[in-house]
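Structure below; questions to follow.
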Amino acid sequence: MSGLVHGAQYAVMIVSSLLAVIAIGIWFERKFAGRMQSRLGPTIVGPVGLLQPLADVVKLLQKEDIVPKDADRALFDLAPLLAVLFSLGAAAVVPFSPTAVAADLDIGVLFILAIGALMVIPTFAAGWASNNKFALLGGMRAVAQSVSYAVPLVLVVMVPVILSGSMRVSEIVTFQSEHHWFAVWPIIPGLPAFALFFIAMLAESNRIPFDIPEAESELVAGITTEYTGAKFVLFYMAEYVHTLVGSAVGAALFLGGWDGPFKPGLHWMVLKTLLLFTAVYWVRWTLLRFRSDQLMDLCWKRLVPIAVGLVFLAAAWVQFVPGAR
Amino acid sequence: MTAWLSALSFLVVSTLVGAGMLVAARILRVRARAAASELKTRTYECGEEPAGMAWMQFHARYYVVALFFVVFDVEAVFLFPWAVVLRELGVGAFIAAVGFVLVLMLGWLYALKKEALQWQ
Amino acid sequence: MTEGLQSARRGAIDPHLSIRHYDADADLMLLHFGPQHPSTHGVFRMDLYLDGEVIVKATPFLGYLHRGVEKLCEKLTYVQQTPVVDKNDYVSPMINEQALNMAFEKLLKLEVPRRARWLRTLLAELQRLASHLLWLGTFTLDLGGALGGGSTLFLHCFRERELILDLFEELTGSRFHYNTHTIGGNRHDLPAGLAAKVEVALAAIAARLGEYEDLSLGHAIFQARTKGVGTLDSDLALELGITGPILRASGVDHDLRRDAPYHAYDELTVNVATEHAGDCFARASVRFAEMRESIRLCRAVLEGLPEGPIAASKAVRLPTAVKIASGQVYVGIEGPRGEIGTFVIAGGDTPTTPYRLKIRAPSMHALAAIPYVMPGATLSDAVAILGSLDPIMGEVDR
Amino acid sequence: MGVFSYWIDTARALRTTLRNAFRPPTTVEFPAVIRPRAERYRASFALVDDENGECACVACQACEKICPSQVIKMKSGGKRESPVTGKKRAYADEFVLDLSACMQCELCVQVCNNDAIVMIREPEEPAYTRADLVFDMAHLRDNAHTKTATWANGTRLQEMQEGKKVPKAKPEPKPEPKPEPKPEPKAEPKPPTEGGTP
Amino acid sequence: MSASIGFGFVAACAVLSALFVVRVKNLVHAALWLGVTLIATAGLYAMLDASFLAGVQVLLYVGGVSVLMIFGVMITRKHDGLVVEAESTSGPRGVFAAVGLFAVLATSIVMTPELDGAVAVETVTARHLGRSLLVDHVLAFEVVSLLLLIAIIGAVVLARRRDHGVERKELPAPRREEVSS
C-alpha cells in the first residue's frame, strides 16, 4: 500500500514537472528552430512568446471533435490515451536524483524497454482505426520501424547493464558516479553504445531522420491525419514526452545521471536530459528523412551487428580488463 | 512488489493526465450546431472521394520483420540474466554467451545472404 | 508479389494500358495523391496504384488550376497581355513576360535596343537563380518535411531568394507582377545604385551555396534519397518533349541560351551543365550548377551593360498601340524549367488582339514523365521524383 | 565507408545550421515594423490633386481602357469652369477602382497624361468585405494626401522608356503638379502604331 | 486482503480479455485483446514478485508476439471494403477442450502435496536466473540458440517463398485497345 502512495506522490511530481519542461521545451524548440532558419520563432503570446505552447494547447482543446464515419470509434478514441500512457510510463523507473524516483524496480531497464515496446500498440491502433490510407501506411511503417529499432536498442541498453552488473537504473547511475560515466569510460563500448542509443531513440520516438510514420510530405500527417482537437494534442504531447523521457533514460544510462562535478543532484540530471533533448531537435531541424527501406537496411544490416559487437566488447571489458570488476 | 505498486500508480497518474486533457476538451470544445455532414466526416484522401476502405492487404515482409524482432528479442532476454551475473561467473559464462550469439549471428548472416533483410 | 509489381520492377508497365490489364482482381490499393496534398506543388493529382508501398502505376491528372490564360490573351490587346502571363509560371514571371513579348517583337520585326537586351538577360538570369532557389527549397521540403531539416533549407533558400525579389522590387516596383517588359524593350530602367546592390546580393547568394550543399546535395541522406530514383533516359525525355535541366540531367546537351542565342547570350558564353544519370540527384546537381552559372552570367552582364535606350518605340499610351495585321510565329526561350515558348497567330477580330495564342509550358512536358518514371518507386520516392521534376502547376494548367 | 560518410556529412550539416542560428534573423515583425519599401514599390492607388487643389483627373478614360482587368470605372463630368482658376477644364464625376481585382500592373499610371492617377507604396488597406476594396473617388483622393506616392507617374514612366531624361533616383514627396490644363485626350493625336503593318 | 482483491481484479482482466479474444469478430480487435490478456498475465507475474518474468512478458509477448499477430492479420487476406471478421466455428469443441484442460491443471495442482498450506515463495531475480542458466543449464542455453537459429531460417524461408515460390501467370501480350481509364 505504501508503494501506491509513494508512487502516486512521485508520479504527480515527476509527471507535472515533465509536462512543464515540455511546455518550455516546445517553446525552446520553436525558438531554436526559428533561429536556425533565420526566423524569430514565437514572439507574440507572452514575454518572448513563452506562452505559445500553452496557447496552442488551449486552442487545440477548443477544436471540434471530428471522427471519420468509417473509423473504428473505440480504438480511435483509445489510441491517443494509450500513446500518452506509454510515452510517460518509462519515466517511472528513471531516477532523477538519488531519491526522486517513482518506482525503483530491480528490472528497471527491462521495464523501460517493455513500455517502449508497448508504444507500437497505440501507433498501430491510431493508424488502423482511422481507416485512412495515409494513416494506415504511417501506422504500419511506424510499427515496422519501432519493432526493428527495438533490437539495437535492447542490445545497446545491455551495455550499461553488463558494465554495472545491475538492471536497476539507480544502481547503474550509482555505479557510474563511483567509476566513470559510461559514455566516457570505457570509451570503446561506451561512446559508440551511447551513439547507437541516441540513434535508436530518435527512431523510437519518430524524430527526423526517422520520422517515417508522420512523414508529412508523403503521408500528409501519418497516423494523426484524422485526429482533431484534444486527441491530436495527446499525440503531439506523447511525441515530446517520448523524446524527453528517452533523453532522461539516455542521461541516466550513459551520462551518469545525477552525477556531476561540484554538487551532484537533480540539476545535473535535468541539465543532461535537456542537452540530449536539444540535440534531438538540433538533428531534427537539420537533416532530411530516410526512406523506409533505407531505415530498415540501416537497422538490420548495420546497427544490429554493431550492437551485438558492442555487447561483447562490454562483456570482454568486464571479463578481461583488470580493475573493471 | 512495493516498487511494482509504485510503478502501477505512476501509470495510473499518466493515464489521468491524458484523460484529464480529454475531459478538459469536452468542456472547452466547440460543438457544431448541426449534425456533422457526410462531407465533414468523410475520410481524408487529398480532397478526392476515397477509393475504397483503407484496410487492405500488406506485404509479408512486415511479418518477417516482426518475426526477426521476436527472435532477437528472445536472444536479448536470454542475455539479460547473463549480463547481470557476468562479473561473478567468469570466463565460462562469457564463452557460453559468445557461442550463443555467434550461432544466432549465423542466422543473421544467412538472412543477409538470402536478402531476407531487404525491405523491398 | 502481384503481377503488376513484377511488371513495374521490370519496367514493363505500359502507361497507356489500363491498370486492369495488370491487376485484374484490383488487388492494388488506389491512392489519390493530391490535389490537396502537401507535396504536390500546388493542386495536382496523381492516382497511384500501390502494392504495399511500391507504385505499380501512376496516372497524373491536371487542370485543377486552369484559368484560361491563353483564351484571355486572345481577348486582350497585345499591350495588355504582359501582366496576365506573369501568373503562368508563378515562380519565374520575368521569363513569361520575355517569352510573350519576344514573340510579338518577332512578328513586328522590331529590333530591341542593346541595353534592353542586356537588361533582359540580367533579369532572366536573376529570375533563374530565384526560381532554382525556390526549387531547392521545396525539393528538400519534400525530402525532409515541413517539421524538419527540409524546412530549414527551405527557409534559407527563401531568405536568399528574397534578396533577388528585393532587387526586382527596386527595379520594377513589384515583387511578383513585374510587368516590366513591353513590346520592344523594357518599361523600367535600372535605378541609380542598383547595379551595386545586385553585386552584393549575388555575393551573398554565392557565399551561401556551399551551405546549401552541406544540407542537401552533399549530404549522404540526400544522396541516398535521390541517387538512382526516378531515372529518366534521354530517349524518353526527348520523346516526351522534356527540356531544360531535366533533359540536361539525362545527358542531352541542349540549352537554347547557347544553341539559339537570344537577348545578350550571343555576346556571352554560356557553360551548359549536363549529367548522365538522369535520376533525381542528376537533376538536382544540374540545377545547382545552373545557379552558379547564373551568378557568373549576372556578373558578366553587369560588367558589360551598355548605355542607351531601353525601349525601341514610344511608351504605350493606348491599349491599341500595337497592331499586327497577320502572321504567325513561335518563339522559345530557355526558362528555369526548360523551353518556355509562345506561339501566336496574329490577325484576329481586330489587329490589336491575337487570333490564337499558345504557351508552351516546360512543366507540362515534365509531368508527362510521371507515368514512366513512377512505377517501381515507393511512395517516398514519388515525392522526391515529383519534386525533382519541379512542376509549376500555374504554367501546366495555365 | 557508408556509415562514416553519414556521420561526417551530418556533422557538417549540424555545423551549418548552428552557424545559421547565430546569424541575425531576417524576420521583420510586420505590423509592428514595416520594412522600407522601394521607391518604385506599387501597392494601392491615389488620385492626385493639381496645384489648385482640384482633382487632376480629367476623365479621359485612358486608364479605364488600358486596364487589363477592367477594374477602373469613371464617369466624365464634362467641361466646366474651375471654381479656383475660373478656366474651363474637364472633370471626372465618378471614379471607382476595384482593388480586389487589380493586379498592380501600373499600366494605368503609365498612360495617364495628366499624372492624375499614381500608385502609393502602402499596401496596408485591408478590408473585411470585397465591397470595401472598391475605392471611390473620395478614398482615392484622400490616399494622395495621407500616403506616400511611388516614384512613378505617367510622365516619368513614359520618359524613362522614351529615353528623354535620365530618371532621378531621389523620390519626391508629391508628384509634380501640371500647370496648364490638359487638352481632352480624345483630341490628342493618336500615338503612332509601333511598326505594325496596318 | 488487498493483495487478493488485486489478484482477483488482474485475474478477471486476464480471463475476460481472453474471452474477448475468442469471441470478438474483428480480427484486429482480437489481436489487441490478446495484448490485454498478456499484460494482465504480466501483472500476475509481478504480483508473484517475478519481476524479470513480468518485464519479459510485456517486452516479448505484448511488444513482439501481439505485433506478430497484428501483422499476421494485416497480411493474410485482402479485405477491401469489409471489416475483418472471423466467426469461431468450433465453439462447443473449444469449450470442451478448455474445461478439460482446466480439469487436468486443477487436479494436478490440488494433488501436488507441497501446495498444502502456505509455501515460502523465494523471490527469483534475474541474477538467480542467470546463475542457473549459465552454471546448471549451459547446454540448454546453447540449445536455445539453435532453436532461435531455426526460427530465423524459417523466417528467411517464409520471406523468400513469398517472393519467389508463387506460380506466375504469363501476362498476355499488351493490347492497344485497352486504353487506360
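Points to keep in mind about this one:
The first chain written gets the first letter, and so on, giving A, B, C, D and E; residue counts start at 1 in each chain.
Criterion: a contact is a pair of C-beta atoms (placed from the backbone, for glycine too) under 8 Å apart; a residue touches a chain by one contact, two chains touch by 3 or more.
Just so we're clear, the structure is a prediction, and the values are computed from it rather than from any experiment.
Listed here as common contacts of subunit A and subunit B: C, E. The fewest steps needed to get from subunit A to subunit E, moving only between touching chains, is 1.
The chain with its Cα centroid farthest from the Cα centroid of subunit E is D.
Distance from the centre of subunit B peaks at D, each centre being the average of the chain's Cα atoms. As a whole-number value, the distance joining the C-alpha centres of subunit B and subunit D reads 61 Å. Subunit A and subunit C have centres, each the mean of its CA atoms, that are 43 Å apart. With centres defined as mean CA coordinates, subunit E is found 74 Å away from subunit D. Listed for subunit D are residues 10, 13, 16-17, 20, 26, each touching two or more other chains.
Multi-chain contact residues of subunit B (touching two or more other chains) are listed as 1, 4, 45-46, 50, 52-53, 55-59, 61-62, 65-66, 68-69, 73, 80, 83-85, 97, 101, 108, 120. Within subunit E, contacts with two or more other chains are made by residues 51-52, 54, 56, 59, 63-64, 67, 71, 74, 78, 80, 126, 162.
Residue ranges on subunit E touching subunit A, taken from their complex, read 2, 26, 28-29, 32, 35, 51-52, 54-56, 58-59, 62-64, 66-67, 70-71, 74, 125-126.
Listed in rising order, the residues of subunit C touching subunit A in the complex are 29, 31, 37-39, 53, 140-152, 155-156, 159, 215-216, 219, 221-222, 224-225, 378-383. Against subunit B, in their complex, subunit C makes its touches with residues 27, 29-37, 40, 45, 51-52, 54, 378. Put simply, subunit A touches subunit C in their complex at residues 33, 36-39, 133, 137, 141, 208-209, 211, 215-220, 284-294. On the subunit B side of its complex with subunit A, the touching residues are 1-15, 17-19, 21-22, 24-26, 28-32, 36, 38, 40-46, 50, 53-56, 58, 62, 65-66, 68-69, 72-73, 76, 79-80, 83-87, 90-91, 94, 97-98, 101, 105, 108, 112, 117-120.
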